[in-house]
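Both complexes shown next keep chain A, but they swap its partner, so chain B is in the first and chain C is in the second.
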Partner chain A sequence: MNSDPSSINRRDFLAKTVAGVSAGIVLGAPSILRANGEGGSDQIRVALVGMGKQGRVLFEAMSNIPGIHFQAVCDIWDYNLKGGMAKVRALQGHTPKGYIDIDEMLATEKGLDAVIVSTPDFWHSPHTVKCLEAGLHVYCEKMMSNTIDGARAMVRAMEKSGKLCQIGHQRRSNPRYRYVLEELIKGQKICGQIVNINAQWNRAVSSSQDIAYNPKLTIKQDILTKYGYQSMQQFMNWRTYRSLSGGPISDLGAHQIDIFGWFLGAAPKSVYASGGNDFFKNREHFDNVMAIFEYDTPQGGVRAFYQVLTTTSAGGGYYESFMGTEGNIRISEQSAYTSIYREDSAPSWDSLVERGYLKRKPAPPKPEPAPGVIASYASAAAEGFELPGELSKQPHQCHLENFFLAVRGKAKLTCDARHAFESEAPIYWVNPSALSKLPIQFTPEQLSV
Partner chain B sequence: MKIKLTISTIFALSTFAFFSCEKKAETASTAPESATAAPATAGATTGMPLKTEFPPELIEGTPKPMNLPNLVAAPTKPPEFLAAEGTALLSKGKKVTSSDENPIIGDLTLITDGDKDAGEGYFVELLDGTQWIQIDLEKSSALSALWLWHFHSQKRAYHDVIIQVSDDSEFKTGVTTVYNNDYDESSKLGKGSHNPYAESRFGIVADAKGAKGRYVRLYSKGNTSNDMNHYIEVEVYGKEL
Partner chain C sequence: MSNESCCANPKLGLVYGSLLLRLWLAVRAIQTGLEKFSGTKAADQVVNINGKANEYGLTAAGSIKNYALTNYHGVPEALMKKFEEEPLMLKSALALYDKMLGPALLLLGVTILLGIASRTSLFLLGLLYISLTWGLILIKQDEGVSWLGVHIILVVMALMLSENNRFALLKKW
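Then we have the complex of A and B:
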């Protein structure tokens, strides 16, 4: 794995990007925003491609970022298109131009600087490549593509065009994650040697149902066919189809497996996965997937277990646990799922608490010993701690801020297409391992562009 | 807009910054799991049970936190409400107007069309901030109850749910407030005594206690997932005068 782009002067970088201080540190060669022809405004002119659920989430996050002018909206569904245009109108006071077809949009719209791509996964690569080749910066949702070759094409297009391409692994710009990595794991080494990782994203059946739609709004079949969908049902539920997406392991798992490699600074050497249709019998993709990745790091071997279950919320939501010889950090986008524990045998963390690195959790009451129990082989309960701060921003906002700062030439992307590819490449091999019921020992070719 | 982002703390110990945002009286200690009892509905002690059709449950995605004080949990069974004999649904197909004349998603007819399904194409989305919708019952009526579904394909709670009844279409005179959970008076329509509640497919029944009027106005001010205002369906029950 290549070095993390933000590992160079990470502290300075973070202080001046995540905190929003715009002192000019320019890492790499981002494009400098050109002034538009209407009075020299330095607004970044943006087109929104894909205004479904995720497109709306990103728009809401961007609505809190100053200096953006939404110039055009593109979506094949009239319902999404009109809704997206109305959201822009509500925010900016004018109605942007709307398009069904991205090619028409790129041919017509002049002066665009950047495009936000939040279309279904199988369109990510074609749309991103088109926009990069048109000379535009791109923020594209993860997973980069439904195929590893699609992801490779995005990296090549980014590097050939010289334009920016941020992939939507938004945890990479989240100050809570960056704090845990830089200050706690690397700086204070509170985990000791990380020996295992355990992560999950478990959703209840009730939260994993097919997405419903009003039949009055059905897209005409010729349009659906033109854009790669067999039916309106498939259009609405593209995440469950093998030809359109990678399924839950890429839809949900990619966010978290990305953290494994980022925090360890290493790519896995193998994966062994299992999956099945345990509840949703008619879905093409597995509804439950479990995978074990093995890593070699300078500190030693690490095994990482990951499960994504769309059939139960048991197990306490979604998080990533980095389990070390001295401490365990369980982190999540939701602070309620985040906790830090010190091994009983580890050196005291009192000084870390005094200096504000950690907050101590209230100690749980000691359980009474069960009658007749003389001795226990269980370890003493680990001491609990919390992060000293909260992030109440919408979680995508920091990542989008990083993108727009980079467009302005004031930051380097925290997750450009090449680094995203290095993170995502092993994920493309999870479903093949589960289907073949065989472990896969990665070759350099499997994980490279 | 209800949410104002501010940089609250920059940790001296490191170069990392954490942000906080100022939201409507949020409390970090009140997680959805700790929410209290099911919505309380009163109504008469005798009479006819109010009945309606419920949409199927359809929840999308991972739930977001609902950090509100005294949050009433989503019910697991339909609310029970006794209305006076002869009570009827008065709002079906009636005209709806709004403070947001050009809804962002959907249109205002969806609110009284009788369709309560979750999913795309069944709800109307209004602008952020305090917004209202208003149903014209066409005749002054004595109201028993209002049954309300904001949005139920995601566990969320709406801020400042206020329901008023009046014979004045501009709500300047003769206004009766029958429901108000604006506990911090952020919409400046009076402080409410009802608790915030989590949305569900069962909706919520507000006791109108016989309030009289031709027009029903419902306010809200965003929700725990985003700043926008949504309605799937509103049913107004009562008797024409």
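Then we have the complex of A and C:
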């Protein structure tokens, strides 16, 4: 380990924080959540597989984490490969080895500890399984796979290999989300009985256009074909193809639907979805999707509505609202979209504010009753509150820190492949429900490995 | 009479004008160059909840601006991506430009501020602004092009006033 005292303190702090809290988060802990402290050397040797947009986001987040040595980079696109190698060089002062093919990388590179997989969804499962079978710990971006069987294979490979496999549902390691669940929902029970969940990610047409590319940088067709793409256009826009991804409901929705089950501590019993190609007529995947999940919880039934639109921002923002009899928590990765409201009939939250659990929002001006509106039909204005603190890092950083602490044997994963599967399994049934226009009552087989 | 006092040093206004323009252009270039080394660091003060530091890692809101060599970014990342997609933009030239833009602004700003080869420095600064203009034309940033056009006018005015340039360390060029 680094002998710098400040570095040690920071790591110790991270270790205590993540390890302590994650123990309470992981439900029904499986056997494989923590590495056994192997590789006690100073640095964790990492290979980066996939250096596209998300790969670069993860790299930037990792560049703030001490004790990582980036040994190799792998990407089939020379543009991403060279760019990724240059970024590593800029960070750690030497050029890592570059590979187009992951098999060649795994056969050549010696001494790797972990791999970061951020390839397109349909490659997640093959790449993750290969790496686990090669004896490496894996951090893989969500969605686990474009098929539920691909996701199942990842869980089996993790459990067979005994290696760590963290799935990139980064909210699971986000201090703001963890605080809301552990302190506000479970601890102080500020929502009362949660009766409904409402979440959305609305994205404007301008942000949902096909990704353009410089024709000079086109990958040779034989390479594209070898790696499962019909064309450069399909390579750049794999998210819109049914054979390569799950579409917007998995691309954007999976992060948020993950929170439903995590916060409720339950799996849904059914889903009913609707979707269509309302604007992007030629895309294989729906551009707008809505889904209703039904849950049975010890407190009672909960319906969770989720909407993902790639055709309008409708004012912007993305969030998950947990609506209860006494309060509503609207949480988002962005603090600007986060707000908490107390129902008028709920007990006072003054003591929570005094003890620092919540901050009070400035009260909005009281609206004058409009003529003709019957006052007794409208709910009284809810009192607004905020979280007491923020996340001072890039959102993915905490999740990666949790992964690397687990590799060092100092923490449990907050979202290993089995827990991620339990969260993602219902999502694989959204598109089938929307296509058939029928509700799906889940059977244990549909949601299990 | 006021006219007589004015005429006693008829070029004083031009000297002051030249000096002000030189200072403006120098400050503009130096601070723009310095900002290439700026970044923000999130506040990391841990929030107290129920009388003790929270164990989740929640911190006070806000961020702190800082300057460091490691923050350096010549061409902003958002623009870099757009430039890379332009067929007329040479990738190797873009990488070089990205590296030299900040230092070039700082160097030219300092030479203009101190009056070291003022005319040549102003000419080179004008060329730098033209190069920026070309990039912004490529990615259709018309407002930025207009803004740089104003800068070019100021550089030309400074060159026209250069015979009134005083307080210079090296006047030759």
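One rule holds in what follows: the second predicted complex is superposed on the first by the 401 of 449 C-alpha atoms of A that agree within 3 Å, B and C clash if a C-alpha of one lies under 4 Å from a C-alpha of the other, contacts with A are read in each partner's own complex, and residues count from 1 in each chain.
In this text, a residue touches a chain if its C-beta (ideal position, glycine included) is under 8 Å from a C-beta of that chain, and two chains touch if they have at least 3 such contacts.
Everything quoted here is computed from the prediction, not taken from an experiment.
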Superposed partners chain B and chain C on chain A - clash or fit: clash
Partner chain(s) touched by A:S348 [first = chain B, second = chain C, both, neither]: neither
Touched partner set for A:Q334, first chain B, second chain C, both or neither: first
Which superposed partner A:R176 touches (first chain B, second chain C, both, neither): both
Chain B or chain C, by number of chain A residues touched: B
Chain A positions touched by chain B in one structure and by chain C in the second: 20, 175-176, 178-179, 182-183, 212-214, 216, 335, 355-357, 388-393
Touching residues (chain side chain A, partner chain B) in the complex: 11-12, 14-15, 18-20, 53, 60, 64, 79, 82-83, 86-87, 89-90, 175-176, 178-179, 182-183, 187, 201, 203-204, 206-207, 209, 211-214, 216-217, 236, 317-318, 334-336, 355-357, 388-393
Chain C contact footprint on chain A (complex, rising order): 16-17, 20-21, 175-176, 178-179, 182-183, 212-216, 335, 355-357, 387-393, 398
Residues on chain C engaged by chain A in the complex (per definition of touch): 42-44, 46-51, 54-61, 84-87
Residues on chain B engaged by chain A in the complex (per definition of touch): 5, 7, 9-21, 23, 28, 31, 57-63, 65, 102-105, 115, 117-122, 125, 127-128, 153, 226-227
